Amino acid sequence: MSTGETLILATLLLPLFTAGVIRAIGRAEDVRDTITLLAGIALAILCAAMLVRTGEGDAPSLVLAHPLPGLDIAFKLEPLGALFALMSSTLWAVNSLYSFGYMRAKRETNQTRFYMCFALAMAGVMGVAMAGNLFTMFIFYEVLTFATYPLVAHKGDAAARRAGRIYLGILAGASVLLLLPAIIIIYVLAGSTDFVAGGLLVDKAGPATAGLLLALIVFGAAKAALFPVHAWLPNAMVAPAPVSAMLHAVAVVKAGVFVLLKVSGYIFGADLMHANPVTQWLLWLAAATIVIASLVAMTKDEIKARLAWSTIGQLAYITSAALIGGAALTAGGLGMVTHAVGKITLFFGAGVIFAATGVSRVSEMRGLGRRMPLTFGAFLVGSLSVIGLPPFGGMWSKFLLITNAFDAGQPWTAWAMIASSILSTMYLMPIAVYGLLPPTGTQPAAFTLPGGAPRLSLTPIAITATLCLVLFFLAGPIVAFLGPLAGGAR
Amino acid sequence: MSFLLGHFNYLIVVFLMMGGLWITFSSRNYIKRMIGLALFQTSVGLFYISLGKVAGGTAAIVLDKTSKAGEALNAHLSPDYVARAGVDGVVYSNPLPHVLILTAIVVGVATLAVGLAIAVRVREAYGTVEAGEIAELDRTEAGPRA
Amino acid sequence: MPSFATPLDANTIVDIALLAMLAVIVVAVARTRSLLTAIILTSVYSFISAVWLVVMDAADVSFTEAVVGAGVSTIIALGAILLTRSECSRIPWRETLLPLLLVTVTGGLLVYAALDLPSLGDPSAPANIYVGRLYLQHAEHDIGTPNIVTAVLSSYRGFDTLGETTVIFAAGLGVALLLGFGERALQDTPRPSMAKMAESGQHVVLRVSAKMLIPMISIYAFYVQFHGDLGPGGGFQAGVIMAVAIILHALVFGLQETMESIPPQLARGLSAFGVLLYAGVGVVNLTNGGNFLDYDHLFPRIFEEGLPDSHLVGGHHIWGQHFGILAIELGVFLTVASTMVTIFYAFAGRAPDLSPHGEG
Amino acid sequence: MNAFIDFYAAPPGLTAHAAPLLVIGPLIAACAAALSPSTRSAWMISVGGTIFAFWMALCLAGEVARNGVVNYYMGGFAPPLGIAFRIDALGVMFALLISGIGVMAALFSGHTLEAEIMKGKRRLYQSGFLLCVAGLLGLSATGDAFNAFVFLEVSSIGTYALIGVGVDRRALPAAFNYLVMGTIGATFFVIGVGFLYAATGTLNMADMSGRLATLGDSRVVEAGFAFIVIGLGLKAAMFPLHGWLPAAYAYAPSLMGVFLSATATKAALYLMARFLFTVFGPHLDFVGLFLTWVMAPVAGAAAIICSAQAIFQTDIRRILAFSSVAQVGYIMLGVSMASAEGVSAGLFHLFNQALIKSALFMALGGLAFNIKATKLSDFSGVGRTAPWTMTAFAIGTFSLAGVPLTAGFLSKWRLIEAAFAAHWLWAVGVIAVSSLLGLIYAGRMLETIFFRAPVSEERAGEARFGVLVPLWILAAASVWYGLDASLPVDLSTAAAQALGLAPAGAAP
Amino acid sequence: MSEVVTWIGSSLAVAGALAAIIGSLGVIRFPDFYTRTHAASITDTGAATLMILGLILISGWSVLALKLAIIWAFIMLTSPTAAHALTNAAYGAGERPQLGPWRLFDRDRKEAER
């Protein structure tokens, strides 16, 4: 077994193994939490190693099983996947640290199941990131869905169970009804579902078929939350803050857009994306989603709901990039990373505020920044990054996305993005600004948790906020690294 | 007319079968349903036996054509017919359906015994063997145990 | 192939008359609400169909139908209504519409096909010219029994008969599982069950005639058993007749007395043993180098070589066939007789428990 | 299939007679169990008998892989005179399945009978179970139409009683209805065979098939076909003839739930496939018409309607039972495509269903010691108190709903693939919608079991070890065949070929 | 000679059949349980005797005749016993014979049926 294969296998098995260990030693809380954290760090290191190898032009691959003739569970690394894996694993490690503080502060029950499912979800994410064909990707995509269901329904009360049902209903339903048939059609047409540079379906499907397939996949990958399959995301916000932060800003939703990016680049290829008649309609729909989601976000007072709607809008950016194809894919990949880091910072902040004070409404947060300067400072950084202002990573991705949209002759999309950026300023900035600089006479809410924000949770916020800044300078290398994606698509 | 004569058996047997089936379907009483089922199965046997009848034949027990019984049998059959339809100069009916129906009759009585035994147990558990009343009891009484 | 028309001879006239009677009986069974009447009519139905079967040359089937349909079935059904109820409810006419539709459609399909069948008695009908005829031609040589039905039943299609014996065994098993082994009859006295009427000492006439009848019936059962090669009959019919003798004993002398002579455990064991015997004969053939149930290999070759040539028919040993059939017929006899007794014990030993929740 | 060539070890003498021994082994074991002195010895006989049958099935698999078809003449009489066993890849697949599930059920039976059956009757229960195994195995091996009827009855007669003798009195009317419907089904089958006999003069299926091919179409043959299909449809609980099934499976003692749900309806389906493709063959006009215009729509309706019905059941076993009927719909859908892909996908699905359903019923039955009721709400929070049992149950449920990495997913994949190959787009829709419904009832069960608070304080513990072993073997098989389905796929592909079906989407 | 014997045998058999029909008529028409049982049992033995005698004459001196004779003996044993058991059981169950002029209980019966 070559090093590359070992690496892939280790990346895949580490979270699974962690889940098993967590299940086995659930009672010993400290040991369990330490193991989670160590596993996160180890996974991040593994992913970094893979990223390096991929950057060197090496493409490790592994075939795990042959369920059916011509249909393998196979893995193959490429830049976008390596990036996605590294991003997710790093943020998992950070998020683990955050979870300890949050979960203990909130005295949540069933923590063992919580961490176990988290680890399983990470296995799903790793599988999606490294998948070598659509079939494998679908499998791990579903693993992700089912592993996160217990996290959404974590509380176990009626509201959580209902949200869990909606979550599972939409995600699994869409994937069974739309995504799976699409994959099978691709399999029947092409004889395999492998990701091929330049597009698997080139010469194998006409524009009409490709259009149908594209529509099936875009709506079938409901994790990308394009209108009208977005409804699960605001509902999933009943979950504890670390879940919302990690999964519904990073892993799950990004898995959705990641699928779209991969499908655009490696299944259809730029030509088929342009040739088929459906792309245009979908782009308009994405543009509409961008604007409408931002508008809805403005009406939400509940901070997590506001962030969730914001996420829907931001995801549609990346969906648009995937639909445009070509060089836009690079921009989409970058956007995926920067948005993830920015949004997780925001969710961390919201979670800390809630844990410390029990406040979850924007209108009640005025002046809290005085008591929690670090939290609100980081929140401000995250907001700026998500809006797309320098000197944070979000700026480059938005810039590239918008210019690509203009270049590709999609001015409507570009203008929607610009409008949405303005709107996002309007719904994000007030939170941090009023928090730090409240109108005179505001009485900030009191701490309900003795000692204020949980210490363990503050470090992660600082880390991710710093990352937002670092990404501003890393944007160039990342774009260069993702180059093969765009090149391959041409 | 001769067509009707040739198919009269089948028509009546169909009527008998359907009579049995009708009793089974329409009755609500378990015992009556079993009776209907028994009639239905027996009638299917009659259908098979009708298939195996050979005109002017005798039971499939080997007979010497020179014996008294054999001669009596062949007395009112044309030699041509005997040569065509007979084996060694004697016309027999087809034994195969008989064998099959022997088996089927046994299956019938086995089914009847088990069905009636279940009916007896139903009577003990529910106090009735009428399907409607049983369904009513199942609806109204929760979590019953026999 | 010359076309064939069913002759309008005495045979056909009797056939038509009997079938018409059967039709009338079926209508009567459907109309009556008394279950007792229905059971008696069904018994009559079986009896008339047994007569009809003789007209159709199906002597063995007729025999079976008479002992089973008119005999044992009736006894079981009577036992069942004694333990349940003897009236059935009136069916609202609306509820008869769907069954009527189903039956009409099914019947229509049957008539549709039946009118396409060859005429009754056609010797050149496909059913009669192929396998059936082959049996008539080969049975005496292959098997050596004059009764071809027995030859087919126990040798050519002996595997079916093994299945049939198993079905009977399974039925006995099922009834015993559901109703027990009549153990209640052994536990307590007096018995408020089927045997009630026979229990008091008044029935002198019954007792005397039963004492005469039971040995006669038993001897007749053995006659049927061993005469199966030559004439109608065989293990199955004999077993039922034997069981009837035992049932008669129970009816007249009381269930407990019968159970003392033939314990339920014995009956149960024998019914399993019968199947074992049958299957065992098959396995013996296997070990002697033949196929399953190939009685030609019932005895090892060495053993058979010492036999006089008189047992060879056309260079072919019918000796094994003869004894093989005897052995399996014995297995059938044991299983059938003891299973019928087991079933009777189960029904008769079940006191009518009228409380809504009986024993489980 | 080639995997089997090296994968058996039996003396040649035994291999030559594996076909009858497959049936006779359990049959003799049944008699021995009835005669055995104690419950425990009966249990051991039961396990031994089923293992012997499984061994014989493996031997046959090796023979079939080597020679294609195993013919065995009972009594040494070649057909059409005698009864012949004719075992091809399809038959071997069912023999393996039935005997394999039989072994699992026998292992399971030791404990479950203790909980559910009166003391003195357990031996007889084992005996009846073995008879049922023998009957179903006979069904999968026989090449004679009337012999098939006999085995149909051998497997059924005892079963009717076995279903009725439980702790739940509702099992009794259920068993009675099953008996009536089963007997009508079997009698219809006999009528059908009678018509075919009238048309061909033979009872051997292969012989019949040859004669029918030269005979062509006639009203007698059509009626025979109709009666055989309706009769077997009743036995197989083919929608809309499934009315008897939910109650029978739901209220029966667990052993019967485990074994019957996995095998009984499947065996009837097997026989139907035999008649559809071997005896009649899709080249006959009315068979083709029937497949396309009757069976396929009915199967689709079953898959959707019964899945929907399953969602609204309150009794957990009834959910599973309705799901069984829906799955029969899937299988029928595959079969009705009359293409090699469709039939093999249907058979693959059938194989998975057998594993899944027996595992699910086994998990529920394993808890019968602790949970005396069968309502879904009674299982609230059991996932916490009996994690091992319920994790296996969850795996089974996932496979049932067709979640990836389980065998159930792959078979649905194959079905959809086959539907595309046959250009039956509506069938793809049906499977997708029905899968979604399946996800809903699966989710409903799992949510109650894992995410609701336990109903009572007294903790319902794990199933016994003796139950967990077969349960986890079955659950692990579901996962294993989700990762590497080569065995069932090979088997089902070989089986479809044995039915003489052409590959490629030749269907209309 | 044999012609004559066959004729006699046939007429006996026909006479037996007629007796059976008359007996059945009695079963239907007689007023109460005991008279009906009486009609049934007496024809059962009488008609059977006639028929079997006729059949023996037709069959001639053979094993068949012996078998028929055994059957006759069997019927003579069982039929009266069965009739006895029936009436005995009926009497034990409280069924009483009806006494008095014919017309009266014919009318009674019709009223009871109404």
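In this document, chain identifiers A, B, C, D and E correspond to the written order of the chains, with residue numbering beginning at 1 in each.
Methods note: a residue touches a chain if its C-beta (ideal position, glycine included) is under 8 Å from a C-beta of that chain, and two chains touch if they have at least 3 such contacts.
From a predicted model like this one, the values you see are computed outputs, not experimental measurements.
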Lowest number of touching-chain links that must be crossed from chain B to chain D: 1
Target chain E, source chain A, minimum contact steps: 3
Top-ranked pair of chains - ranking by C-beta pairs in contact: B-C
Chain at maximum distance from chain B, centres defined as averaged CA atoms: A
Far-end chain from chain E, centres as C-alpha averages: A
Chain at the geometric heart of the assembly (C-alpha centres): D
Chain centre separation in whole Å, for chain D relative to chain C (CA means): 31
Inter-chain centre distance, chain A versus chain B - centres from mean C-alpha coordinates, in Å: 71
Chain C and chain E, separation of their C-alpha mean positions in angstrom: 28
Where chain A and chain C are represented by their mean Cα positions, the distance between them in whole Å: 74
Where chain D touches two or more other chains at once, by residue number: 146, 150, 153, 157, 160-161, 164, 167, 169, 191, 197-198, 203
Where chain C touches two or more other chains at once, by residue number: 110, 115, 117-118, 125, 127-128, 131-132, 135, 157, 160, 163-164, 167, 170-171, 174-175, 178, 360
In chain A, residues with contacts to at least two other chains: none
Interchain contacts (touch definition) - all pairs: A-D, B-C, B-D, C-D, C-E
Residues of chain D defined as touching chain B within the complex: 146, 149-150, 153, 157, 160-161, 164, 166-173, 175-176, 179-180, 183-184, 186-187, 190-191, 194, 197-198, 203, 373
Footprint of chain D on chain B - complex, ascending: 17, 21, 24, 30, 33, 37, 40-41, 44, 47-48, 51, 96-97, 100, 103-104, 107, 110-111, 114-115, 117-119, 121-122, 125-126, 131, 134-135, 138, 143-146
Chain D-facing residues of chain C, complex: 109-110, 112-113, 115-118, 125-132, 134-135, 138, 142, 155-160, 163-164, 166-167, 169-171, 173-178, 268-269, 272-273, 275-276, 279-280, 282-283, 286, 290-297, 360
Chain B residues within the chain C interface of the complex: 2-3, 5-23, 25-32, 34-36, 38-39, 42, 45-46, 49-62, 81, 84-85, 87, 91-103, 105-114, 116-121, 123-130, 132, 145-146
Chain C-touching residues of chain E, taken from the complex the two chains share: 74, 77-78, 81, 84-85, 88-89, 92
